[in-house]
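Paired with chain B in one complex and with chain C in the other, chain A is shared by the two complexes that follow.
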Partner chain A sequence: MHYNLLFNGCSYTQGGELEGINKDYEYRDRHRYSHIVSERLEKTYDNISISGSSNDRIVRETLEWFNAGNTCDLAIIQWSHIDRLEYISSYAKHPVNFNPPFVFTGWGGPKRDHEETKIAHEHFYKHYYNPMLGIYNFYKNLYILEQYCEKNNINYFMIKLSSKFSNKSSKLLLNDNPEDLTNFYWKTLCKHDWFDIPPIRDTMFNTREKENFTLNYKHLGHQFLTGTHPSELGHQRIADFIINKIETK
Partner chain B sequence: MHVNIFSNGDIALHCGGCDAEIEKEDHYITLIGSALNKTYEDISYNAASNDQIARTTIEWFESGNTADFAIIHFTEDFRVEYIAEHNEYQTCTPFGVKNHQWPPDKYKDLDYYYENVYNQFIGSDNFHKNQFLLELYFEKKNIPYFFLKLMNFPTPSPWKTWCKIKRLTATCYTGGLIDNEVNKPENYHHHHPSEKGHQIIANYILDNIKDKF
Partner chain C sequence: MHIFFNGCSYTWGDELENKLEERFSTLIANHYQAEHANISDCGRSNDAIARTTMEWFVDGNTTDLAVIQWTIISRFEGYDDLNKQYFHVTVDKKSKWEHFYKNYYYDQLGVDCLFKNYYLLEQFFIANKIKYVFIFHDCWSNTIINLDSVWKKFIIKKDFHFLRGMFSQKCILINPLIDDCHFKGTKGGHPNTLGHQAIANYLIKEIDNAL
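What follows is the complex of A and B.
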């Protein structure tokens, strides 16, 4: 199937929390930035983003989408936190995402996972992962996506969740200094650089303005409605930025 | 630098640095270069992981070198490129590597990884992601290539579905070109291919690539 625009990313692109306490996913889909951009530009689009996605998953599922025969005029890829990685459980035999907050803050994600995956998840972050591995993995994924898009003549535009390499809740912050990473492995081969990719947070909207975020319903027992994702206004501001970039191009 | 044949792989095809050292003229890439009367460059590295093989191959081409043909010998799936936080820009393949420059607590962490995190599905996925990337790279650059692998596991992987070559020929172990060390001790020298082993591998590659020159 052909679409004008393809969107992929994590919860910010999926429209996380816009569904609200009524779980109105149609409302979410109509108010997230992918819909706003496409409606304003009068373009068709597909949004294949999934909440909690790692960059491994974003690249893999983007390639899956194209290899399934779909085409687009422009792919808009939103990179996620670098410390999320994809893991394949020998029990489930399919990829799941590892996410540090599940280990360090006790989020509910791994409760659904098999015991073996839970153990692997915890050991991965407590004993094996370090930010250098996350950066290595990001640049390798970036390189694969660049090569794939160029070989197949796919136009693409990239944004990222945050200017920081790591999620604060991961407790695995790295000093975000570009000079620390000169000549870093796959980075030297990539056409783009992490530091040149526009971040949603604090570039497309101000994270200190509450109206850019959804409401916090955690006190009512909604574990994943904590007001950490863009509101309708936040999504409009992301859309404004992207439309401006597309039109400038 | 321009060569006719570029080659990359792991210890089994590397000429020096361990007990399994063989003379350079007995190495399979030398045999192939001589048989075809072609120039070659081999950047194989002791205990390389598939991550490292893919990365150093692309780095070699991207630093201005060119080749008419590439031969890549992938290694075992369980080796990965690991970067120690306190030893920036150093990589190793944790399993079976005794690099005593690394702090003991880091060894412990790597042991945890193989005991509690690693499984054959992760290894297979990582290998096929590297295979996919090199196929993509060589095809984008119009460089013909021939791939082999130290050993094969029939493990599924999402990336495998997009690889052009679904099953690479294995060189070592049961089912490989030189079989295993018990059945064919003459093909091995200190657990690595002997002169005879290299000759068998070279003959196989020659049979498959000679028409491409």
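What follows is the complex of A and C.
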């Protein structure tokens, strides 16, 4: 199927928390930035983002989307935290996304699978992962995506979640500072650089302004409604930025 | 003509008495009267093979043909943040990585890692108009063939060549390059001079097809 625009990313692109305590996912879909951009530009679109996504998943499923015969005029890819990783769960053989604080399962797998995946997750961050491997993996994914898009004449535009390399809940905070980094080999081959990709947070909207974020309902027992995702206003500001980029381009 | 080789101990020529003369990379280069570079090393993972290959090109080198020998899928590459260097994660170092293999690793991850790196190098070679021949270490070849991988469907060349046949007759996709007699005289399971000659003979046919 042909769409004018394709969006892929993590919860910021999925519209995380816009559904509110009423779990109104239709409302979420109509107020997230992908819808706003498409509506204002009078374009058709598909949004295949998933909350908690790693960059591994974002790249893999973008390629799979095209490979399934879909086409678009412009792919808008939102990169996620670099310390997330896609892991194929050993028991159910289902992809899950590792995040330092927890695992995003996204499916009702069997208990045994959850247990084994949890052990793998703990081991991965405790004994194997470090920020350099995260950066290494980011550039590898960036290279794959760029090569695929260039080879198949796909127009693409990239944004990233944050200027920081990792989730604030991990201890692996690296700010945007090229001098901190080894000149990775995949990076050398990439057309883009992490530092050139505009971040949503603090570029498209100010993270100090509360109105840009959803309300926090955690105290009411809503574990995933913590007020850490863009509100309707936040999404409008992201949309403003993207529309401006598209029109300038 | 220039030929580039990368791989693990098989390509490095481990256990050969005169590895620089006897390993299959030299035999192939001699056959074509070509210049060659063999940057393989013992214990390398598929991550490391892809990385060091790309580093070689990033350093400004170029070649007409690349022969990549993918290795055992259970190997991974880690990064020592303190000493700023990569290291091998391998079952050979049981005491150090026992928990990694017990709690994290299983074959699906190894196959996915292999084919993601395969896809990366294949795309790089195609984009840069470099001919390439890929061969596999024979360990886990059953797994490589039978396990599905998301990256497997994106690769172009799907004719898998294994360094030696060591599986049951059910594995009809296997191309045995060298039989067990070619391993006599070696202790660690690496090919001897006859083994390297057999690999070279096989690869020359593949290279002729690729050129």
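Please note the rule applied: the second predicted complex is superposed on the first by the 234 of 249 C-alpha atoms of A that agree within 3 Å, B and C clash if a C-alpha of one lies under 4 Å from a C-alpha of the other, contacts with A are read in each partner's own complex, and residues count from 1 in each chain.
The rule is short, and it goes like this: contacts are C-beta pairs under 8 Å (C-beta built on N, C-alpha and C of every residue); 3 or more make two chains touch, one makes a residue touch a chain.
Everything numeric in this text was worked out from a predicted model, so none of it was measured.
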| Partner chain(s) touched by A:P199 [first = chain B, second = chain C, both, neither] | neither
| message | By the touch definition at the top of the document, which applies to A:G20: first (chain B), second (chain C), both, or neither? | response | neither
| task | Applying the touch criterion given at the start, work out whether A:F124 contacts chain B, chain C, both or neither, answering first, second, both or neither. | result | both
| request: Identify the partner contact of A:Q147: answer first if only chain B is touched, second if only chain C is, both if each is, neither if none is. | output: both
| message | Between chain B and chain C, whom does A:K93 touch in the aligned arrangement: first, second, both, or neither? | response | both
| Shared contact residues on chain A for chain B and chain C? | 60, 63-64, 67, 87-88, 90, 93, 95, 119-120, 123-124, 127-128, 130-133, 136, 140, 143-144, 147-148, 150-151, 185-186, 188-189
| note | Within their complex, chain C touches chain A through residues 51, 54-55, 58, 78-79, 81, 84, 89, 99-100, 103-104, 106, 108-109, 112, 116, 119-120, 123-124, 126-127, 150-151, 153-154
| query | Within the complex, which stretch of chain B touches chain A? | reply | 51, 55, 58-59, 62, 81-85, 88-89, 108-110, 112-113, 115-117, 119-122, 125, 129, 132-133, 136-137, 139-140, 156-159, 161-162
| field | Contacting residues of chain A [partner chain B, same complex] | value | 60, 63-64, 67, 86-90, 93, 95, 119-120, 123-124, 127-128, 130-133, 136, 140, 143-144, 147-148, 150-151, 180, 183-186, 188-189
| field | Residue ranges of chain A in contact with chain C within the complex | value | 60, 63-64, 67, 87-88, 90, 93, 95, 119-120, 122-124, 127-128, 130-133, 136, 140, 143-144, 147-148, 150-151, 182, 185-186, 188-189
